[in-house]
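In what comes next, chain A is part of two complexes: it sits with chain B in the first one and with chain C in the second one.
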Partner chain A sequence: MAVGTTERRPGHAGAAVRGSRARRRRWPGLWHFLTFAAPGTLVYLCLVLAPIVLSVGYSLTNQALLRPRTEFVGLRNYELLLRDETFLNSLRVTTILTLIVVIVPNVLGVAIAALLDRRGWLYNALRSVFFTPMVISSVVISVIWTRILADDGPINQALRALGVREPPGWLSDPDIALYSLASIVCWQMLGFCVVVYLAGLQGVPQELAEAAAIDGAGPVRRFLHVTWPLLAPALTINTVVLLISAFKLFDHVKVITNGGPGTGTTASVAFVVLQEGFVENRIGYASAEAVVMLIVIAALSVITLRILQRREVQL
Partner chain B sequence: MSRSSVPWLRPLVALAAGAIFAIPLYIALINVFKQSGQVAGGVMSLPSPPTMDNLVRVLTGPDSLFWSSLRTSVLVTSLSIIILTVLSAMLGHYLARHGGWWPRAIMVLLLCGLMIPPQVILIPVTQVLKSFGLMSTLPGLVLFNVGYYVPFGVFVFSGFMKGVPRELEEAAAIDGATRWQTFWRIVFPLLRPATASVLIFLGVWIWNDFINPLIIYGPREGTTIMTGVYKSLGQYAADFGGMFALMFLATLPILVFYLLLQKQFVKGLTGGATKG
Partner chain C sequence: MSTRAKRPALDRRPSNDRMFVKRGAVALAVVLVASGCAGGSPSTPASDGGKQKVSFLVFPSPNLPESYWKSQVDLVTKAHPNLEVELVAAPSESERNDYAKQLAASGQLPDVQIGMQDLTALEPSLAAWTEQELKDFLCPTCGAVNGKVVQLPANTQTIPNVFYNKKLFAKAGIAAPPKTYAELLATADKLKAAGITPFVSGGAFVTSQPWTAALATDLYAKAPDWMSRRRKGEVRFATSPEMKAATQKFADLAAKGYLDKRQIGQDYPKTQEAFLSGKGAMYPMGSWFAAAADASDMKADIGVFAWPGDDGNLRLPAFTGGGLSVSATAANMAAAKEFALAFQLTKENLDASVKADALFPAIKGYTPPSDTGPVFKSVYELWQQALDRQATVPPFGWEAGDAAMLPGMQGKFWSAAQDLVSGKKNVDQVLSFLDTEWEKSG
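Up next is the complex of A and B:
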């Protein structure tokens, strides 16, 4: 066992070591673990893993702030969830958000990365421009866009100047608000996709594209058949990161629409969970929602990773 | 690739795309320097003349909301990222140097943590922190940040550790160095690019964090800079200039931090790529 060997301090061979070696094989480097690994693991255990277990526990009770006694209710919360219009609607909202936020920045990202894949100060500067929203807080981004998309904001002023009598209420029309919200998130995430695709493009050997060109492939076919398959790892990273960020979207909803306009037209799952848990204070019920959220995001991430990584391996 | 027949087309299209993309940033920036009356007028026009009134108003506000939030955010962010760097570098080192099912199980559990949305754990986290007496305190928020972001740090460090030859550590051990000395004097300095990317990412995330400080630190005890911006939305509802000035001042520190460390970070990206 190679690991056991490096674990031994050099300089002592012989019987004395053999006992501790056997112990170390059971738990490799116990002392190393206690000094190096235990502190981080412990904090993670207390503040992430234990809370997940607690969440599952709470979800089986009817715990709520105003209820004097907490009782075990089994799976009742989960049964209620299946008929809860607010929760089912939040799943629908999050599905739409996630679909848009996974697809649009990926498509635009690869296009812009292909455009910026050149040397020179101009392209470096533009790269930074596209990345800037990633460094800015979602709260700030949300306030900026709320102002821009306001009914009397710059976009509608421009539309009125162009002769549109009644420009759309980007954030006030219940039919449009969700798509406006999704677009804002796409705008913020685009820079991340661009940077990841640019890194991927730099790993594509020039010779391959040149060989394809000699064989008579045009730019479109060269991209589709040579470059794009080699960008598979970048696609995997972008898709998984976008999926997870879209699924837990909260900040933008809270600041821009607070779940509205109308009843819950933009209330994402993350928003509903926190609303239920910290505003309505129904801890048991909110925990059941949180557990469902965790299961869905775990399943989605694993499936997406599997599918996309298989694509990488085949190359 | 191919030599384009119209060489000016690419820079022109790239420039146009960048300009359209940057319009919201431009609007936000010019509004910082516009008189409040002007803000409601032509939104795209340059401020004439530019004014510092908005910035001064925010910086000298009677409630000193900006300064107290800034202090909190600087404290929370710097403490969190320093502790996170130390703990995740050491944990990453342990996990990269050991096989066996225990270390592997820890690694898998940490990787799962990368995708857990904070909303899933926040309700029980408040209970856990309450039981330690740390709810609504600064150390409580720092501790939560450490637990929540340690998977990312470990992920970066353990990946990078594979490029650091074991022989270095063995040689140091032969020379009589303890593991602690070996790690901090020999291994850790070699991890500089990984350290830079961990500091950048976590610094930006924690500085910009909204929901975690909102719930864990709570508005009663005071605010971090971003919960402060959120809290003052009502106060600045009719004062767009002040609002944009506050947001500008709230973003500036982390933007500077990002730009300062960026060079190190880019080195880290390419370093990891060539070793991959």
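Up next is the complex of A and C:
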């Protein structure tokens, strides 16, 4: 069609038209694309990419919030990080938090989803109950749990009523505080996992389970060999979302323990980055920590995705 | 000839639709870049009906609610009708310094602030006070940073005093407050034996109060210039014998069970409430607690004494500063300074600060009102005794300006106190940690 149209045009103007049409074919709806993509792209550039690039730049300086002069220090901040007890401890804390927050909600989530994968008003109501913590602000959740886990809170009062003379210091004992914090995050994220697994369960063809049952497979074997492999995409989503959420955990830490009790007992990497940057004024150093955090999250996410996507089954 | 020139007329001009889309895209980009990427701008000077506008950063707290700050400002604006003051509230009392630093870094620091602690970090953002402006203050050079006074040294606070519950002392058979450190340990022992928690503790800074007290009697009493020597690198936490001895005393209090490690997770209001509800016999705390004590039902049962040293000599940690400071970029510097000085020197304001926050105004010729509560009177009298005997020392961790720890170290000191109480770290580990953090802060 394009050739024919060009041939009908007289003189040398035909070549120009041909060029113009060809460009339009190569860039179909370029202006429309730009119009619709520009707002999102600009927001992404300003709020995500530009800060990342700036952070990398700052991490090579000794910039402080209120210091008038900033000097280029090369990779010194990264060298210091490798010897910084606070940062290394925050990596340890974050690793423990991440492991708990990725494993526990996934395990409980799939179990609860299997139990709730039924019809009826009760199951619908229970689904809402499990999802409710997910839609409440993390700060609100944290304040509520801080009250519940206080030494004179309802849990310890109940334990005392049951005869426990010295109930645990859920948030004040350095050996327990991190696990209390992880439990609260797990509790909040559980609803998300349940919903994703429920969606996955509803996509599992009933015929496969019926065929397995006819072949003599019991409920456990049916779940392990039919349902579970088909839940692989749900597992991928849950794992990656939980991994990223756990690694950048800040609000729970800030409200519930403020990184304590003591020095860094529950201080996650995100918490330490913000402390260094905005409390201790070392923006350059905090940026180096943030860059390391970004690299670790990106690497872990890519590796996890690759591994989990290999398990996924195409129906 | 260019290809463009050869195009037929229809092709040379984009359609109205496309033109609209193009212009829309460009306009949207400009708006987004302008609104999304541009930084904030500081407040502009304003004069409304002849009034000079001043913004004022305050920190509402349970003892000093927003109504207190408003009434304090009203007292000033009544006497200075040319001033119009806009209150800016910090998110919380404990976070006021971080908030101020963030505002300063983003060019939005209000014209005037009160009670800034990290003066070393904030110094480039604050205006210096002249000798003439400081002539009415008792200690005009207190809190100076690099020789510059950037905060009005408006009041004194003693940190900590030991508030005690007279009824619980009587219940444990203790007739009088201890006068030496050995007596303090014996008192704590008797209380513990009677099933009473000897010291109320909690949170980060409250937990560190006995440590600050021990450092007053065992470190600053012997080496008053210790902090300036630490800043020069002449002494270190881990190798200073006095520092180690005082820290060991503090750690021993926890090891003997006089400090309840379960309390370190509770916040400041709950800790105060614990003492006021009789959940512990002694409460090492700053003089400001007198205001809350006098407002409580048990004010008649609260006594106060200075943390005793081994020799029984009086040593009282006292800090002078904590007043108003003015932003170096205040839109109307004259009005901001006029407001700040009026706020600090007006008798009615000072009286109100005495009653609400138990401050000791460090203003020449000032005496507190006679109708203050009994706890305030006891604390004030203790301070007067220390002044008469020249027995005041700096409060470790609360010093200001050039005499203070490096920025960020105060929080580390408080957290380290929790480590000692919980037993997570021993004395050597904690002191070594503080040295490491000091090097980072430098």
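Following the convention adopted for this analysis, the second predicted complex is superposed on the first by the 282 of 315 C-alpha atoms of A that agree within 3 Å, B and C clash if a C-alpha of one lies under 4 Å from a C-alpha of the other, contacts with A are read in each partner's own complex, and residues count from 1 in each chain.
As a convention for this text, a residue touches a chain if its C-beta (ideal position, glycine included) is under 8 Å from a C-beta of that chain, and two chains touch if they have at least 3 such contacts.
Not measured: the values here are computed from a predicted model.
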item: First, second, both or neither for A:116, with chain B first and chain C second; value: first
item: Partner chain in contact with A:39 - chain B first, chain C second, else both or neither; value: both
item: Touching partner for A:154 - first (chain B), second (chain C), both, neither; value: first
item: Touching partner for A:278 - first (chain B), second (chain C), both, neither; value: both
item: Contacts of A:58 with chain B and chain C, given as first, second, both or neither; value: first
item: Contacts of A:144 with chain B and chain C, given as first, second, both or neither; value: first
item: Touched partner set for A:124, first chain B, second chain C, both or neither; value: neither
item: Chain B versus chain C as contact partner of A:293, first or second or both or neither; value: first
item: Contacts of A:47 with chain B and chain C, given as first, second, both or neither; value: both
item: In the superposition, chain B vs chain C on chain A residues touched; value: B
item: Common ground on chain A, meaning residues reached by chain C in one complex and by chain B in the other; value: 9, 32, 35, 39, 43, 46-47, 50, 278
item: List of chain C residues in touch with chain A within their complex; value: 3-4, 6-8, 11, 18, 21-22, 24-25, 28-29, 32-33, 36-37, 98, 101-102, 104-105, 121-122, 124-125, 204, 261-266, 270, 407-408, 411-412, 415-416, 418-419, 422, 424-425, 433, 436-437, 440-441
item: Residues of chain A touching chain B in the complex; value: 1-3, 6-7, 9-11, 25, 27-29, 32-33, 35-37, 39-41, 43-44, 46-52, 54-55, 58, 112, 115-116, 118, 122-123, 125-126, 129-130, 132-140, 143-145, 147-148, 153-154, 157, 187, 190, 199, 203, 206, 209-210, 213, 219, 222, 244, 247-248, 250-251, 254-255, 269-270, 273-274, 277-278, 283, 286-287, 290-291, 293-294, 297-298, 301
item: Residue ranges of chain A touching chain C (in the complex, touch as defined); value: 9, 12-13, 15-17, 19-20, 31-32, 34-35, 38-39, 42-43, 46-47, 50, 64-68, 80, 84-86, 150-151, 166, 169-174, 177, 257-265, 278-282
item: Contacting residues of chain B [partner chain A, same complex]; value: 1-2, 10-11, 13-15, 17-18, 21-22, 24-25, 27-28, 43-44, 87-88, 90-91, 93-95, 97-100, 102-103, 106, 109-110, 112-113, 115-125, 127-128, 143-144, 146-148, 150-151, 154, 166, 170, 173-174, 179-180, 183, 204, 207-208, 210-211, 215, 226, 229-230, 233, 240, 243, 247, 250-251, 254-255, 258, 269, 273
